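Sharing a structure below in structure tokens format, with a few things to ask.
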């Protein structure tokens, strides 16, 4: 007899829906999940973050683990694809039952997984610097926000270079909202934003913008450009003979290794404000960088603020677990809220219980020959932008991202 | 009617698919872990998307490089309508209606302009790229439709979940799964049914030879337009499902999304319906697993799979599989192996 | 006034840029009806070749103008042998196979070169128009584009090799029966097309930097330019580059880069609706 091909295939139609991957872990390990892009366009941000997460976890395990158990990381690579972020976050929460999830680089990926982890009651840590305003009791944010960095950089720029500011920003939430903060802090510092231009992440041609800048003659340029494509701005700026003619300040330059990729001729003199630079001179940071290079070798990627804040995030979580003496989500949240300070590589990072953000030291650095020289440091800056709108102690059920008007 | 004849008419496949869908609906929500359920829901939404192009390209002969335009448009129409109306049932109608309406306009522009072949492909590609660029640049506050902020690159993470009609209760993952399974099955049945109607046969006739069909009195342009609109509506439904399992973002319009669906259809088999859905499931699972293993860059594997399929399995998996099966059956029945094997 | 002049210069730069990124695709598509979706990755590899050349101590001009095109042309020969040769005449299949190749090359480049932007400094300085300072490199690009197009035109129009290429392109069977070996012509054409893409990549490296995923940004633009140009490889691509490049630059200056890109795409759509076989399908018919 002869079975028709389609008959056969039709019968197997739903066989594919059987559960597939399911692996066993040693029963007494504490599982945490990390979801950072290790391939695709955002890899350059993900690599140092991933390394610092590993470093922090291995420090915990070397010190005997937590609650007498080893900490184990399940890594997911979402390949710079938002759809995979949601899939992996769901899996980490519902299948892996991770004690905490560390993940998300862009604000878009954070907003994709934050509601999911809230729904599935899984503790979430977001560590890259971002535009501020997230108010969610299930989420801790260890990166810097505009009031901490822009709030220091803008008065510095207006005082030293002049009042007319031209803003170039990436065209998405981070750039748009940060640009508003730049406008706000420029006004407070007595300056004025004369123009703000926004560029989608795939733009590589900045020649029109460079001519417009020359027409408008600002005293200082503020860049909030993000990613590999936007580095073209600095190349074309230098190629047009403009390097060094108008000072450039930024709160994103360096976060994606821009100062290493670009030549000194293209990038020297650019000034940036971050919660961390690998070049910070302090005993804590010297020891940290030494440990980092011991573990990953001399060619390990430059440690960005995103990465150092991820290191801090793991230790904040560990503080909470130790203090609560439990892995229960609410117990850990309350323990961290009751006070957690990590002696991080960039200075102490202290949880602000009302906003779940961190008070950190902020530094202004200037690029010289592929590295930053630290110009000024501002100890213990509070996350004032988010604190103005968010109070989780008073409204524990608040769950939204506030945006500056 | 014999079983064979029934099978040829497609009725048996539909019945089998119905049985499979029913089995899935009954068993999976209780037996499978939550994440499997959610992932399968997502894959089924992509399966609907694969069907939209399988119908348009495989049976209508229209190679659309920009099928993602309708996919994204459906999702955005749903999200914007749902945020504004608060009622998701009407929004779901928008998700199918808006892309279909847009396709009617675009299709009129294309088919009545006598564009064909690769030029048609290029225009549909530019259309989806225009959407991609425009939506990507709506990051500012000024970009809003009613109460819905378009959100640019970030998309609309606050896309409301579908509610059960006439209530305000959002669907649970299990209910969402059932809804997606029913949608996938209905779309499959619709396509299957469509190609055996007079209309479907006329569409296939146009695919085979447009001039001959016209000389026989068929209005080729109207037929093409009709199948284009139907396919866009299906893609819109897929967008609606996708919006409910992930959320709405500009990547839905992207070049990779547009190319991905082409790959499913090719790997599955052009001119088949089940094949593209199977290929879609298989490749989605492969991408997710590779991302978890992290040994090899997923692009390398996907690229190799595609090259190997195009060069060595040009008909796609469904025909190749069927040919293999025929061969096995023939050997078992002691028939001559050569001759009617393969095709 | 100065500003107006600056905009004019910028238009020339954009046109040259667009023409360069399209020409490799135009040769392969126009001559062989192969849609090479790995075109963007050929550009990317050209960029890497130029940068590695410079890092190995080769003069930057030689790295950009010789090393980049030659290495990608070599890759083109390999690809033609292994994949494309089996697929001639199956337009959709070539497109899909080259898309697979595109993914494969992105994956390999990411694995071996790392997913980070690398770049080299532009080898020429800047010049002044009034108070405006402009990069001179854009005009070097435009000049090279002009040279490529005019020599391409001359090659196709006036040499025996060009005649053979055009004959094979018009009627493969006829050419074959006249003693021309289409397989060889196709192999050479593919290699030349790939080499031109490599050249574009090498020349773009100082402007945009090189990244494994950079090709995606170019392939759609190039594809649209080539199709808008129509049947004539050289004339068509040149005309549509001028047209689309001007529209793009003017609208970018007037508004934002996004609107500039959208204007380019819209213009291409409308043109194809009016002239369904591209510019040279109706006017300048028969020019190479």
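Structure notes:
Should a chain be cited, it is by its letter among A, B and C, assigned in written order, with residues numbered from 1 in that chain.
One rule holds for everything that comes next: contacts are C-beta pairs under 8 Å (C-beta built on N, C-alpha and C of every residue); 3 or more make two chains touch, one makes a residue touch a chain.
Treat the numbers as computed from the prediction; the structure is a model and nothing was measured.
Taken as a contact graph, with one node per protein chain and an edge wherever two chains touch, the assembly is complete, since every chain touches every other chain.
Of the two chain pairs examined here, A-B and B-C, the one linked by more C-beta pairs in contact is A-B.
With centres set at the average Cα position, the gap from chain A to chain B is 35 Å.
For the pair chain B and chain C, the distance between mean C-alpha positions equals 33 Å.
Shown for chain B are the residues that touch two or more other chains, namely 133, 136-137, 297-299.
For chain A, residues that reach two or more other chains under the stated contact definition are 39, 171, 198, 200, 202. Touching two or more other chains at once are residues 110, 216, 256, 258 of chain C. Interface residues of chain A facing chain C in the complex, by the touch rule stated above, are 39-41, 43-44, 171, 197-200, 202-205, 207-209, 211-212, 214-215, 228-229, 231-232, 235-236, 238-242, 245, 257, 261-263, 265-266.
Of all the residues in chain A, the ones that touch chain B in their complex are 1-11, 13-14, 16-17, 19-22, 38-39, 75-79, 81-84, 86-88, 90-91, 94-95, 106-108, 111-112, 115, 171-173, 175-176, 198, 200-202, 403. Contact residues on chain C toward chain B in their complex (touch as defined above): 35, 37, 83, 86-87, 90-93, 96-97, 99-108, 110-111, 216, 219-220, 223-224, 227, 256, 258, 261-262, 265-266, 268-269, 272-273, 276-278. Touching chain C in their complex are the following residues of chain B: 63, 109-110, 113-116, 118-119, 122-123, 125-127, 129-130, 133-134, 136-137, 255-256, 259, 262-263, 266, 296-307, 309-311, 314.
Residues of chain C that touch chain A in their complex: 3, 6-7, 10, 13-14, 17, 110, 115-122, 125-127, 131-135, 137-138, 206-209, 211, 213-214, 216-217, 249, 252-253, 256-258, 260.
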